[in-house]
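Pasting the structures in now, so scroll down.
Here come two complexes built around chain A, the first alongside chain B, the second alongside chain C.
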Partner chain A sequence: MDVVADKTQLDISASVELLRERWPDAISHDNRDGFSGIIVDPAQLDDVALAMRDELGFDYLSSVTGVDYLGVADHMEVVYHAYRTSGGPALVFKAQTGRDDPRVPSLVSVWPGADFQEREAYDLYGIHFEGHPDLRRILLWDGFDGHPLRKDWQEAYYEEEHKPFDSRWPGGQVYRAEEKNVFGKNVKYPDDFDLGRLNDVSESDLYQGLGLGVDVQALDSDGLRTDRLVVNLGPHHPSTHGVFRMVVTLDGETIASLDPVMGYLHRNHEKIGERNSFLHNLPFTDRLDYISSMSNNLGYALAVEQLLSQGARYSPPTYRAECLRVLMVELTRIVNHLWSLGFLLNDLGAFFTPMLYANNEREKILDFFEATAGSRLMCNYMRFAGVYRDIPERIRSVANLVNDKVRDYNTMDYLTEMVNERLPRFLDEYDTLLTRNEILRERTVGVGVLLPEDAIALSTCGPLLRASGVPYDVRRADPYSIYPELDFDIPIGKNGDIYDRFLVRFQEMRESVRILRQILPRLERSQGEEVMSKVAHTPRVPVGEAYGRVENPKGELGYYVVSEGDPKGPQNPWRYHVRAPSFINLTALGPMCVGHKVADVVTILGSIDIVLGETDR
Partner chain B sequence: MYGQGIARGLLVTMKHIARSYMDDIRYAGRKYSGEGNFGARQGMQATGSYTVQYPDEKIAVPERFRFIPFLIVEDHDHPERPGHDWCTSCGICAKVCPPQCIWIVRGKNPQTGRPVPEPDAFYIDIDICMNCGYCSEFCPFDAIKMDHDYELASYDRTSAHIFDKQKLSKEMSHWKRIAPTTALEEMQARGGWEHKDILREKAKAERAAARARKSASKQSS
Partner chain C sequence: MAQTDLRALQDTEFPVPEELQANIAITSLDKIYNWSRRSSMWPLLFGLACCAIEMIGTAASRFDFSRFGFEVMRGSPRQSDLMIVSGTVTKKMIVPIVRLYNQMPEPKYVLAMGACASGGGPFKEGYNVVSGVDKYLPVDVYVPGCPPTPQALLYGMITLQKKIDGQSLANLDDVPWYGVGPSEPTPVPVLGPDIIDPRQMELIREQAQQAALEAPFGARELPAWVNPTEVAQEATAVVETQEGAEDGVDPAKAARIRKREEAMARLAARRAAKGGQ
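Up next, the complex of A and B:
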């Protein structure tokens, strides 16, 4: 029997053994309670990573993030989650380094998709990734003092290490944070920072490396003297879908290079998440990708459930709760794709007609969300081991003093009609409206092509990855909830251009409708089952780490959660990291745009489908 | 043929225009009157688009809709405890509130200094409240509920946006009006329209009375 015939088929433990045989001194098991994976000596990290990718087939680096173990083990740790695009669980590996001058080799040369994530870890932890081609801050601004995710860093309105704060009860005399810490005086700069730079519009750091100010009148290959022009698209521009900026170098109308600049909406979600209790974080996840709050909730709930299931007295969600979860996230997928296709068409100049048609249907779904979860966008519906409440018997609004337009529908009828008739009818119509439209095709076919190998290497995910022909979908590759028993296909594209992304999203909506059709009878059958969570508001989360990931409409959304708490201490995540699909998909934006015209940049960005709440976190 | 896709797409738009008017004709003159017209024009069978003329018209929000919480007090015409707080100042809502915008001063008996089950002061900073609904979900006494009034904008946030107990307190009948089904479910879970503690005391008193009756009947027999 030849066991090593195909090493790319080895399971995780066999793969780990193989690596350990080769590097017995550099690799050790992570034996901490509740932790898994291997710890790799930073000196050997490149080689080990290369072997993982090339020999073992872990071609997809999903997540890179730092953790500061100040006071626990007093080191910094970089945590990597690598997957195979053929499916299966993660190979988790970690590199540890001192806190004073943390240095870890960069893996951008192995997985180019590590680029933005390493920059983020550098920005927020100060970890130097040696060999990174462009190690700059990414979310924060140049004059920012310190690295905020370090455990000893305190924010401007710092109050206490952990919520709940003591000042709220029993002696809760209210005050505003800004009364104690006046706005404007709450900012710190590094000692050597020149405040004059704040008014300096040249932003030399950024423009360095763009080849500017060096030789703008260079001769191009045709012997023409052309100016290279730097244009800032955004941050305030309707086509950027939020506050997002692209620094473009133009050669005539053609893009020579594109550098995304983000962080304008950065609020240090992860630091807030570490101050929060486990439960507090749920409504905060709504605010990441605010178009798809339901599935954001689910990813986080799955991560914490992984931890909870290690402890005593945990009962997993009931079957009905799982059905409701899938119902909600698939409706969310439709909501998101309706929105993103509508806006893609806006970006193409089909101003608001397709957008509003799509929105008309979206409203109907949001009405259902509102009646069930209490809010249209910030649903906060999932709970650990359950959901907030069962669907109401009737979608019913009550007239009261403030409002008088009353509606009343039977919920199951409403859903059945929506899923079986209204949505399919609409999708057919939308198909007629757009898919064969010649203008749409001219603007999108062959534009913004992303080859499958690049798509994988750049760690792109979701419809962007699948449109390039890679059938990678977390619902199938690493299933969760009741997806294994549901029947659906993973649509993929052929050419990896904008048109394929359009088609993939369209097909995904049809597949979601197909899933919903299977969910409805399951809901009928499981009528009356308990769905609400029995986990208390201060759950005792066992020590350990978990990585929960879901196939969000925009791509793979992952939550890396570490619980370090002593069982009697504060119940707060030690580490709470969000692997944001919009953020990581932007790695591919630059390469996709080069060689295209300015007008195409807007469409290419639109075809990635980003949302800045999640990108900037 | 080139252009066919566009032409067929345009037919769809034409259909949409026609549909909007079709509904207008079907409901001609009944837009503002008639039972159920509004629901039908917003429902699954609706065709075309229908504009709600906000702020002249407003869609009534569903029961579970959540905005800013309010505190339940007994109705002002309650025979025994008019306007009495339901809140026991247990502090759970303040602890479970994600952005920590609830501030409670626990009530104290002025003589003994021991805590009493009602808040001396209760504040919610509505600028910070993220409308998550946890406070009402985890309150063990059904004393805090999510209100439906979403028109809270004001010209001066510094003076108007910290709601104190007086501003937060609303009668139980308000909750019954905006969320009849939920209020009913909660009543059934509690076992009556009264506050949990009152119900418990009543049950205790009843048991004591029953015991007294029993022993009385034993003695007499």
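Up next, the complex of A and C:
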């Protein structure tokens, strides 16, 4: 028993050595320039993964993604990042498979949290995960032609492999993509496509997956054997916080099964991201989790900085820049939690009043963002090795549009007032009004319970994970920026129900205020320091891979970036993958809802706090 | 609305005494009808993406579009007059969007909020993105921005009110729904290998066949009038012939031929792979 306990403490290289001793043929180091981790033979993958989880203690599978190395090594690769919930860096392992018929064993039996991520890799790369219980497309519809993230798959509006396009350079002429496409629209059909045989199969597998075993759409006569009812919630439904859809099987009013259907906002982030240059992608990250754009920026900047720091001529962000980053990210956390709590109460039937109150405070923070970054929502503020610019001297904001009275504040006074008075006062008020509210407790206590071991197994993250009693926060477990020197606690829940998630979010806002109080004096002290290190606007990113992750308000946001690194070639990521917390947290939605009433589904979904821009990407 | 001043409604030569003008208006049917319609536009509670957050912001406490008559947002399309398409329209989502639009009672209006809904925006090149909701639905007002600020959205909505003010029951080109009989619903797109607009079935059929016969995708030549290299080439060709340059093959043309050959090879490989399985 002692040996096992020891093994869970081993650092990454010792863990790898231990695995290599046991499977000398199946495991090799990833020796490519700039890459790390191990390459595991697919035939042994499940055994190795089981040993990683049970013996070495890597109980948390953070990210699974595919990469297509067409033209480089001509294989497909599945990249896994596993962590320990006790903290520490990742164990990165990869499985390589041929491009023609890519097959890799599924790890859903080891880490159930791999479920949606493997489906996504199947959808976008066509990688078959053998043994996956329900391998269907997840973002695109059934019957879609091709697997779009493969390098040889071209979209209808395809122009060139890399941006900036040659046609846009001096001397080039810009024409609209519609003119190039014979259909005049963003569509393309396979060469052997026959409209005569067209039938809509876009949902052919969906209802089969519900375990009904019969085509529910034909259930109108004698075929009806049970009183189960299939109800579609969404994609247009106010409670789904966007364009999300749940196919719910009801037994009376009780949920028998729930199948999330997504992809209604799948706007091809990753494909576009591979054509964009590294810097191009920054404003796109704003639009992932569009409520907390600042934190999204930070995650991506951290990932690319990891790569940049391998090369020459890189200097890390200055202290002031780090302070500004933390300031923005913690304000974003408050913005996000205000919004999510407001809408959670909205879902509970407190129609709009709590949300309107929360929104008042949120708008104050957005004013500060607008004054600093130039935009309320899509801030695009972080840069590699710094931030876009320093906070301005003064903030001017218009109260509303009736009287265009402009209010003019000194920025530091504005922030100080907000952090020391306004936000604490508001949080106390909100707390008094809501936390012990009878109706709130009746609707949330004991509903949607997620046990800690399930929460870890399902790879959930953020407040959802912590409300289940797992004190896992990337800011502490794998620190970045100046978090190590800041004093704050990680609030956790006890029961893992909706009420605990509410409390955890509430407490996190208070902790954020606490962090902000420590940041403000640091800002005063570092006044006048540069906020942007000297890095070229189109930095030469060295070859390699990087996984940058941050504790976003919604959970762990990770960016997996692979750089080709050709110093003279185009500066585009070869692979740009987003490990989206909302997407992976949804894995837990089905298990949490089963057995509850249909009205609780709305609340449970609200308590996960998803945002569709990130879920569907 | 006891405070409502009816002076804005006056639409006649008939003299109404000055002191009564706030309470009595003699007006035309067009005017009072439009006035009441545009003063109680109810938007559909319908958010797609990032812009929806700003739309909610516009509806919320600070900007509050109820002040302009957009009183409440309705969850049901049956009760709404205005569809604010707030965000990126994807191919998967356009199907429900068209259905929702068909379910809205007439007169109905569409406001394309933001760059994505207007023309695809930053995601235009995406394979699952419809480059603008106007490819499927008639749009009344476009609001630029990514996302538009609440101020911009309010301006767009007020612009829509002005548009309604200008409509007339007498002009059926303007407001087709006052014509005889029900108007046709917009055909709902179908999700096949890619999205299919039923209104263009014939066109798609012809063009797909043509494309299959001639050349694979990606290698298709542009018509001369849109091909910038060719236009530039023609312009320089005059100069070149005068100089008598006879280098043989033009590099731009050679590049095009090469690209085409590459694409042909790709297609052949794909077909071989299909046959092999």
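Annotations for the structure displayed:
One rule holds for everything that comes next: the second predicted complex is superposed on the first by the 561 of 617 C-alpha atoms of A that agree within 3 Å, B and C clash if a C-alpha of one lies under 4 Å from a C-alpha of the other, contacts with A are read in each partner's own complex, and residues count from 1 in each chain.
By definition in this document, a contact is a pair of C-beta atoms (placed from the backbone, for glycine too) under 8 Å apart; a residue touches a chain by one contact, two chains touch by 3 or more.
This structure is a prediction, so every number in the text was calculated from the model and none was measured.
In the superposition on chain A, A:K405 contacts chain B only, with no contact to chain C. By the document's definition of touching, both partners, chain B and chain C, reach A:P283.
When the two structures are aligned on the shared chain, A:G496 is found in touch with neither chain B nor chain C. Contacts of A:R441 after superposition: chain B is touched, whereas chain C is not reached.
By the touch criterion stated above, A:L356 is placed in contact with chain B and with chain C alike.
In the superposition on chain A, contact of A:M378 is made with both chain B and chain C.
Once the two complexes are laid over each other on the shared chain, residue contacts for A:G548 go to neither chain B nor chain C. In the superposed model, A:Y157 lies in contact with chain C only, and not with chain B.
Once chain A of one complex is fitted onto chain A of the other, the partner contacts of A:R267 are limited to chain C, with no touch recorded for chain B. Residues common to the contacts of chain A with chain B and with chain C across the two structures: 167, 172-173, 283-284, 356-357, 360, 378, 400, 402. Those residues of chain B whose C-beta lies close enough to touch chain A in the complex are 2-6, 8-9, 11-13, 16, 36, 38-39, 42-45, 49, 52, 57-66, 89, 91-92, 94-98, 100, 102-106, 115, 121, 123, 125, 130-134, 137-138, 146, 148-151, 158, 162, 177-181. Across the interface of their complex, chain A is touched by residues 45-50, 52-54, 57, 60-64, 67, 75, 87-88, 90, 92-93, 96, 100, 116, 120, 122-131, 135, 146-147, 149, 151, 154, 190-197, 200-201, 203-205, 207-208, 210-212, 216-218, 220, 222, 226, 228, 231-232, 266-267, 273 of chain C. Interface residues of chain A, counted against chain C in their complex, comprise 100, 139-141, 143-145, 148, 152, 154-159, 167, 172-173, 175, 177-180, 182-183, 185-193, 195, 198, 200, 202, 235-238, 242-243, 263-268, 271-272, 275, 283-284, 287, 290-291, 355-357, 359-360, 363, 376-378, 400-402, 612-613.
Across the complex, chain A meets chain B through its residues 163-165, 167-174, 176, 276, 279-284, 353, 356-357, 360, 364, 367, 370-375, 378, 380, 388-389, 392-393, 395-400, 402-409, 414, 417-418, 421-422, 429, 432-441, 537-538.
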